[in-house]
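You will see subunit A twice below: alongside subunit B first, and alongside subunit C after that.
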Partner chain A sequence: MGEKFDIGYVFTFFPKLAGTLQTTLIIVGGALLTSLIVGFLVALPRLYKVPVLQRLSQLYASFFRGTPILIQLFLFYYGLPEILKLVNIDVSRAPVLVFVILTYGLHTGAYVSETIRSAVASVDRGQVEAAYSVGMSGYQAFTRIVMPQALAIAVPVLSNVILALLKDTSLAFSLGVMEMTGKSQTLAALTNHFVESYISLALIYLVISMVLERLLIILERRLLRHESRAADPFPVFRRERFRRIRQWFTRERSVRLREEAQ
Partner chain B sequence: MKLDPSFIWEALVKLLPVIPTSLLITAVSVLCGFVIGTVAAFIRIYKVPVLHPIASAYVTFIRGTPMLTHLLIIYFGLPLMIDALSSQLGLGFRSASIPMIDFAFIAFSLTAGGYMSEVVRSGLLTVNRGQIEAAYAVGMTTPQAIRRIVFPQAMAASIPNLSNAVIGMLHASTLAFTVSVVELFAKAQIVASTNWKFFEAYLAAAIIFWGLTVLIERVAVFLEKRVNSYNRGGVA
Partner chain C sequence: MIKLTGITKSFGRQQVLQGIDLQVEKGEVVVILGPSGSGKTTLLRCINYLERPNEGRIEIGDFEVDCGRASKKDIYALRGKTAMVFQHYNLFKHKTVLENVMEGLVIVQKMPKETARRRSVEVLEKVGLGEKLDAYPSMLSGGQQQRVGIARALALNPEVILFDEPTSALDPELVGEVLAVIRRIAKEGITMIVVTHEMGFARDVANHVVFMDGGVIVEEGAPRDIFNKPREERTKQFFKRIMPEPAYSI
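Moving on, here comes the complex of A and B:
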């Protein structure tokens, strides 16, 4: 099977695959948006211990984390039109992409809800009590006190979830969506250069996930400005290029402090 | 077409015989991955000269690309390499004689290795530096200290991550259908192809996976309690 290995094809496939990058990113973006909304909504009943809804959201998280994404994709693709037909909504003509985005959104939403839940739970109880004691309402305490602190804990985990989502989108081809993996399979079958096509595909994913990782780290730093400032003795030198100077200053200062202590 | 509950049961019964295939893929990939991951983790922790950048590149590559691409590259690339090698050496060996499932084993082991390496590494890093120094102080060699003192503690600390990795590989075993291995997902498609009740068949497969996942989670919680019983803190 396949022709002799030719490294040149890896480079000729590169731009062709990058042309379908858009579809992959649409899936990632759409699913991410869905998952953040769904995850937040699902996390709320468990945070506030709402009787019946709490059980339901537990069940939701358990199901979507307990079954493979591939099976979920097919379940939704075949099942959702049937279920919606019962309430007289016809979605059999809806594009596949909608099902794919919905499924990835719900799948990732389960992970997002768990992340939000654990992040909020790890904020000290005393913080909420202190907020109440200065007369904040429940909503104010949540948005002003708990959420910023929870975000600090949740963001690194969420970046992992987003990167996992990017890699999971490679399965959308199984429903016939022409994203990068689907395109690479078509190219491979056309030219009979399978390995080159998949190496090219892997390289593109590698580049995207590295770029995405960098972007998320930048975002993380931006979101956590307040955290670093508290620990940083020289907030003026927060820029990376001043790192050396800052280190020199802090070392100088700590040495002086130690001498004074003696 | 309406939902047919009796076919869910029927599909469930038909899917039962292929559960061992899925579990075998999971077990092989997790075990081989654990060995690969441990080696990679030690190479990265001890910064072994030449191997260190290679191990880092391996982990970055595996974690930065989808599992499906690993499987496809191995599935299409390995036979090319084997055939080229055997024709050059004049061996009569053909890659076509390798069973499909072996490609899944190799590819998934490599994938699991990349993820396991991070699990093992983070586990090793949580062990207090004083532990290994204490081991040296009572006269243990480095391998002894690692085997008897550091590794058991590292494993205890990384049970939650390990169970997540096992569940991840169990779910990933569904990808083996792309190289025509008949595991749970492929079997569900086969079962449904006779009467087009795909939804019921996938539901049955989902139920099995859900059950297996809950089982693995339970075992992990139980193990964690057992293993961490020595450091419960407090008095008595």
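Moving on, here comes the complex of A and C:
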């Protein structure tokens, strides 16, 4: 059993945990970059229906979406050096962080590729034809017309993926990486104040998540600024409803006033 | 001058165009009529290679291409000489009205931004949208969107503008404004090939009417001849079906 609960520890742990925030963010940042590159490359063969590569990219996505991230971490950390040893490449001295970032990158990449694929497919084909008709090349049509719109469509889904990635990095501790979760375990064990340590940890994750969410919403708004409010029937409908309610109130009151006057 | 010779196109086993020959003089407005499935839209899309014809020749001005073995360069050259107005407008949704028109000028024709801007504003004013430069397509009515589509095509200064049923997706009360714009630019002597179901428009504006059915040109000629005394049985049937009221011809 731990020591008696003492709220003071939550605050003393806070700066200590925040000191390892850097490691967590390095994993998130590195993995995100890897996943965007990998996800994009893997999405291409499926978008353009390249025969063999298409199957391979499906296989890749099923593996990383169908197995637990913890198992993937173990497989990469313990398995990959063994396989590479067979072809005479020694990676036993490579820092753990490299394996961690690689695994998270590939894991997240599987989700990113699915997101990109569906986002690109949802930009209507007519705009591509219009781009061709004004004389653009396939590359120009993709980068100037399809990509910007696909990105805007993908951002809400990518936000989920990024938040999931942030929280998943807590498992990197199982390979001995001293990121936030690892640090909180250590602090808890040293002081015997387990609950305080985890509360402190949860608060930090929550704050970062909220900040990220906010930033991504701003990004989404900016990318979707071409979707006019007028095209969205809901606000109009709501405005109309408010007007009716106000009318109802004012009429009611005027009736009541008249009755009182009589 | 535009000259099509022996254009054929099939989708799978179905032959949609069975050897089309068509000649369009400079400044002419050609209207293509025909029942749905007659291949008129496909023919239009073959002219700028949105569909790849199986065989045939396309000549525009002094440029000439053999469709059987057109290279990428030929296709870009062909698209550089044509512009298209689509049934569903197909505006770039993430770009403003002005950017929609400027895009081709800046990216494809490599025009300096300022020149492109001036040209685009001028064309947009011509179609009556000088006030809407910074609006996004989603804020516009269908008729306004289609006028942006026309401006986008017109700005490129093509040898011919291809109209693919430009008013079919519009509410009836918006058709007029779009037809009025097309009429106005027709008067400026721009060569146009128009696929449409607007008979009144075809009658007033066309210099030449082509009636297609089953992937071939059944009959062509001056609008007065085609509308008033069609020679072919198939053409008579078609007009009878779409203009059944005798009041129409009075």
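By definition in this document, the second predicted complex is superposed on the first by the 224 of 262 C-alpha atoms of A that agree within 3 Å, B and C clash if a C-alpha of one lies under 4 Å from a C-alpha of the other, contacts with A are read in each partner's own complex, and residues count from 1 in each chain.
Going forward, a residue touches a chain if its C-beta (ideal position, glycine included) is under 8 Å from a C-beta of that chain, and two chains touch if they have at least 3 such contacts.
Just so it is clear, the structure is predicted and the values come from calculations on it, not from any experiment.
**Student:** Is A:Ile199 touching anything from subunit B or subunit C once the two structures are fitted on A? First, second, both or neither.
**Tutor:** It touches subunit B, and subunit C stays clear.
**Student:** Of subunit B and subunit C, which one touches more residues of subunit A?
**Tutor:** So, of the two partners, B touches more residues of subunit A.
**Student:** Regarding the shared-chain residue A:Gly66, is it in contact with subunit B (first), subunit C (second), both, or neither?
**Tutor:** Only subunit B; A:Gly66 stays clear of subunit C.
**Student:** Tell me which partner A:Ile145 touches in the superposition: subunit B (first), subunit C (second), both or neither.
**Tutor:** Second partner only.
**Student:** Quick one: is A:Ser170 in contact with subunit B, with subunit C, with both, or with neither? Answer first, second, both or neither.
**Tutor:** The answer is first: A:Ser170 touches subunit B but not subunit C.
**Student:** Regarding the shared-chain residue A:Ser137, is it in contact with subunit B (first), subunit C (second), both, or neither?
**Tutor:** After superposition on chain A, A:Ser137 lies in contact with subunit C alone.
**Student:** Check whether A:Glu129 is in contact with subunit B, with subunit C, with both or with neither, and answer first, second, both or neither.
**Tutor:** Touch partner of A:Glu129: subunit C, not subunit B.
**Student:** If I apply the document's touch criterion, which positions on subunit A are contacted by subunit B in one structure and by subunit C in the other?
**Tutor:** Shared contact residues on subunit A: none.
**Student:** In their complex, what parts of subunit A are in touch with subunit C?
**Tutor:** Of all residues in subunit A, those touching subunit C are 124, 126-127, 129-137, 140, 144-145, 148-149, 152, 225-228, 230-231.
**Student:** Considering only the defined contacts, which subunit C positions touch subunit A in the complex?
**Tutor:** So the residues of subunit C in touch with subunit A come to 48, 50, 76, 79-80, 82-84, 86, 88, 90-96, 103-104, 107-109, 136-139, 152-153, 156.
**Student:** Could you pull out which subunit B residues touch subunit A in their complex?
**Tutor:** Listed in rising order, the residues of subunit B that touch subunit A are 1-3, 60-61, 63-70, 72-73, 76-77, 79-80, 167, 170-172, 174-175, 177, 185, 188, 198-199, 202-203, 205-206, 209-210, 213-214.
**Student:** Residue numbers of subunit A touching subunit B in their complex, please.
**Tutor:** 1-2, 4-5, 62-63, 65-72, 74-75, 78-79, 82, 167-171, 181, 188, 194-195, 198-199, 201-202, 205-206, 209-210
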